[in-house]
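Heads up, there are several structures right after this.
You will see chain A twice below: alongside chain B first, and alongside chain C after that.
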Partner chain A sequence: MSSPILASLLQQHEPEVLANWVAAQRAAGIRADLIDEQTVQANSQELLRGFAAALAQGSDSLEAPQWKPVKMLLDRLSQVQSRQGFSPSETATFVFSLKEPLFTLLQKHAENPLEHIWTTTQLIDKLGLYSMESYMTGRETVIREQQESMLELSTPVVELWRGVLAIPLIGSLDSNRTQIVMEALLQKIVETESDIAIIDITGVPTVDTMVAQHLLKTVTAAKLMGAKCIISGIRPQIAATIVHLGVELGDVVTKSSLADAFRLALRELDVRLVANTNTIR
Partner chain B sequence: MTTTQTFPLKQETDIVVVRQQVRKAAEQARLGLVSQTKIVTAASEIARNALIYGGGGECRIEQQMRDGRTAVCLIISDQGPGIEDLDKAMVDGYTSGNGLGLGLSGARRLVDDFVIRSEPGNGTVVELWKWR
Partner chain C sequence: MVDRIPILKMGQYLLLSIQVDMHDQLAIDLQEDLTEQIVRHKAKGVLIDISSLEIVDSFIGRMLAHIANVSRILDAKVIVVGMQPAVAITLVELGLSLEGIATALNVEKGMRWLERTVDRDMSLEPESDDDTDISAEAGN
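And now, the complex of A and B:
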C-alpha cells in the first residue's frame, strides 16, 4: 500500500506538485472563457490537500470515511462544471492530470516507484470516475429542472371571454402533464366562475388511448364542477385515427377549430357580437 | 434499402422518442399523413403496453419492402410476464390494468399487418406493419 509514503511525500513537496499539476492542466487546455487561473489554482490546492489528508489516514478505498471530504469536493466541482458548460473530458482531465506530477514525485523520491505508481493510478482512476458520475448527476439535475419548468410553461389557461376558458395543449401528453393540465383547468374554472372550457388539441401530434382517456377524465371532472367542455383542434388524421382506435367520445362536444369552439361557446352564453356601425360604413 | 434502428423503452419519455422516430421513418417511407398518424399512434399504444405491463423493452424500427411497396415495420418486445389469453386481450374494452382496453385491438385496426407472439413468462413481441 502506497498511501503513507505518497502522503508524506505530498506533505513535503506540496508546492512543487501543485505547480506541476496546474502546469499539466494548462497544457491540457484550461477553458479561459469559463474559469480563471486563480480558481483553477484554488480548486487544485483544495483537492490536493484533501487528497493528501485522506491518504495520510491510510486507505485506498473511496468508501472509507476519510475520503468523504474529497468526494464532497469533487461532487461540488464537477456539478458546478457541468452547469457551467464544461465538456465531460474537460471535467475528467482535472483529476486525471494529477497523475503526471504524482508519478514524477514517486519516481524521484520513492524506493520502489513502480509499485506505488500502480496503486496511485488505480486511486486516481477511481477519483476520476467518481467526478464523472458527479458530472452526470449534475447534468441530470439540469435536465430534470428543465423538464419541470417546461411542464409549468406549457399549460397556460386563458380566459377568452367572461365565462369562457381555453387551454391550448401543445406537445405530447404524458400522465404527468395531463395531471397538471387538469388541475390548472379545474382551478381556473373555480377562480373565474367559468361555464365553458375549451380544450384545444391542435398542437398535440398523437392522440392515443391514454391521451383520449385523460381528455375524457378532464371533461368529466369539469362537468362535475358545473362547466361544459368543448374539445377543439381535431385534425382529419387524428379523427381517422380515433375512429380506428375505437375510442368513444360519448357526448363530448368537439369542434375542428378553436374559432368554431369559441363561436359555439358564445352562442351557448347567448352573446352576440355586432359590428360597430360607426366604423363600417 | 432496409435500415434498422433500435430504441429502448425503459421510461415514459422513451415512448415520446419512439413516436418521433416512427414518424420520421414513416415520412421516409413516404406514407400519407393519415397513415403516418396511424402507425405512430399504434406504436404509442404498443410501446406503452411494453412499458407498463411488460416492465420495459425495446422497439426496433425497420424500413422494408413488402410486395413491392415501401413499408415501415416495428417490432416491439418486452420480457415481461406475457399475455395469458391472447384472444381475450384482443377484445375491445378488455384491460388487465386501468386503461380503456382499446390499445391492442385499436392498434391492430390502425396497421396493415399485426402479428403478436406471447407466452406466459416469456414476454411479448408485437410486429406492426404499415405500407404505402
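And now, the complex of A and C:
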C-alpha cells in the first residue's frame, strides 16, 4: 500500500516540492498579519522532512510509530494556530495544499501515477483530519481555560465593613459554581471573622431548585460557623419561581437591595451612620 | 490516644476544646463527663470550641445536638464556636443543621454571647432594650 516511490521521489526533489507547496499555500492565501513567510517556509520544510522520513519506513496507518514525529509536529502547529486565531479552513489548507505539489511530482516521475495519487490523497486526508482534531483540541483548551479563569474572577468576596462581607453573584449559577462560591464565602468568613455575609443575586438571571438549594446550604453552613447570611437583590421573576417551586427559604433573611441588606447588617452590628449636617452642600 | 477531653471551669462557665479526632467512645465519655460537671459546678454556660476539628461525621453531629439538649435541661446555655468551613459544609450535606444550638465565629465572640445571655437570664428586672446578638440569632 505504501509508496516507496513517493518516498524516494520526495528525497530527490525536496526543494522543488517545498517551493511548490509554499507557492500553493501563498496562492490559497497566507495570513500575513498572523504569520510571516519565513515561518511558513520553516514549518513546511519540517513537516515535509518528517513526512518523507515516515514514508520511507513504509506504512499508511497514522497509528504506526514512525508517524509519531509528524503527528507531534501537526499537534504543535495546529494548537498554536488555534490560539493565534487562524480559522479552521486556514489550518486545514496548510496540510491539504501539499496535495498539489505531490500529485504533480507523481505525475511527472511515477510509472503508474493514478494508483500512487490515490494512496497519497488518502494519506494527506488523514493528516488533514488529524490536524483539524488538534486544532479543535487547542480551541477546547482555550475555552476551558477561559471558563476556569471566569470562575475565579466571578466570585469575589468583598468586605463592606469590618464584620460585613458581601458576595455579588453575576451570571447564571450552576452547582459547580455555587460550590466554589460557598467555599470562598465560608473561607473568607473565617479569615475576616465577619458576623454578617450578604449574598447579592441581582445579577443572577434564573434560579432553579438546585441553585436555591445550594444557596440555602450556604446560608445554613454560615450559620453553623456563627455568621448570619442575608440574601439581597431577588428579582420579581425569581421570587415568583422560588414560591412556585415550593422552595422553603425558612428563616433566611431577604432584602430587596444590597443597600437595604447593608443597612440591616450595620444595625445588627450596632453601627450608626450619621449624615454630617454642618457641611454646606 | 487521648482518653478524655478536658473540661475547664471558668467562673460559672465550662470550656471544652476538642482538639483531637473524635471517635465514638470519646464522644460518649465526653457527654457523661459534661453532664456530671454541669451539675457539680452548677454551670450556667458551656462553650465548645471545635476550631481544631477537621473531620466530622453524623455521629459527632448528633452528639453535639445531644449535648446541647442535655445542657439545656440542666439550665446551661451551649454555644459551639469556631467551626471550620469544611465541617460546616459536611454537616449541612448530612442534613444536620444543629437547630437550636447557638454558634459563634471564635471563642471571644462565643464568650461574650454566653456572658450576655446568662446575665440577662440572671437579672431580676425585665430588660426592655432588645439587645440581641446576631450569632445567637443565627443559632435559633
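Simple rule for what comes next: the second predicted complex is superposed on the first by the 277 of 281 C-alpha atoms of A that agree within 3 Å, B and C clash if a C-alpha of one lies under 4 Å from a C-alpha of the other, contacts with A are read in each partner's own complex, and residues count from 1 in each chain.
Quick note on the criterion: a residue touches a chain if its C-beta (ideal position, glycine included) is under 8 Å from a C-beta of that chain, and two chains touch if they have at least 3 such contacts.
All of these numbers come straight from a predicted model, not from anything done at the bench.
Novice: Using the superposition on chain A described above, determine whether A:Val207 touches chain B (first), chain C (second), both, or neither.
Specialist: first
Novice: For A:Thr241, decide between first (touching chain B), second (touching chain C), both and neither.
Specialist: A:Thr241: touches chain B, not chain C.
Novice: So in the superposed three-chain picture, is A:Met182 touching just chain B, just chain C, both, or none of them (first/second/both/neither)?
Specialist: Only chain C is touched by A:Met182; chain B is not.
Novice: Look at A:Leu6 in the shared chain and tell me whether it touches chain B only, chain C only, both, or neither; answer first, second, both or neither.
Specialist: neither
Novice: Does chain B (first) or chain C (second) touch A:Val70, or do both, or does neither?
Specialist: The answer is neither, since A:Val70 touches no partner chain.
Novice: Counting only touches as set out at the top, which of chain B and chain C does A:Thr220 meet: first, second, both, neither?
Specialist: Second partner only.
Novice: In the superposed arrangement, does A:Val157 touch chain B (first), chain C (second), both or neither?
Specialist: neither
Novice: Output the chain A positions appearing in both contact lists, the one against chain B and the one against chain C.
Specialist: No residue sits in both footprints.
Novice: Under the touch definition given earlier, write down the residues of chain A that touch chain C in their complex.
Specialist: 182-183, 186-187, 189-190, 193-196, 217, 220-228, 251, 268-269
Novice: Would you pull the chain C residues touching chain A in the complex into a rising list?
Specialist: Residue list for chain C touching chain A: 80-85, 87-89, 91-93, 97-98, 103-106, 109-110, 134-135, 137-140.
Novice: Any idea which chain A residues touch chain B in the complex?
Specialist: 172, 174-176, 205-210, 212-213, 236-238, 240-241, 244-247
Novice: For the complex, which residues does chain B have touching chain A?
Specialist: 12-13, 15-16, 19, 23, 33-34, 36-38, 40-41, 44-45, 48, 92, 99-100, 102-103, 105-107, 109-110
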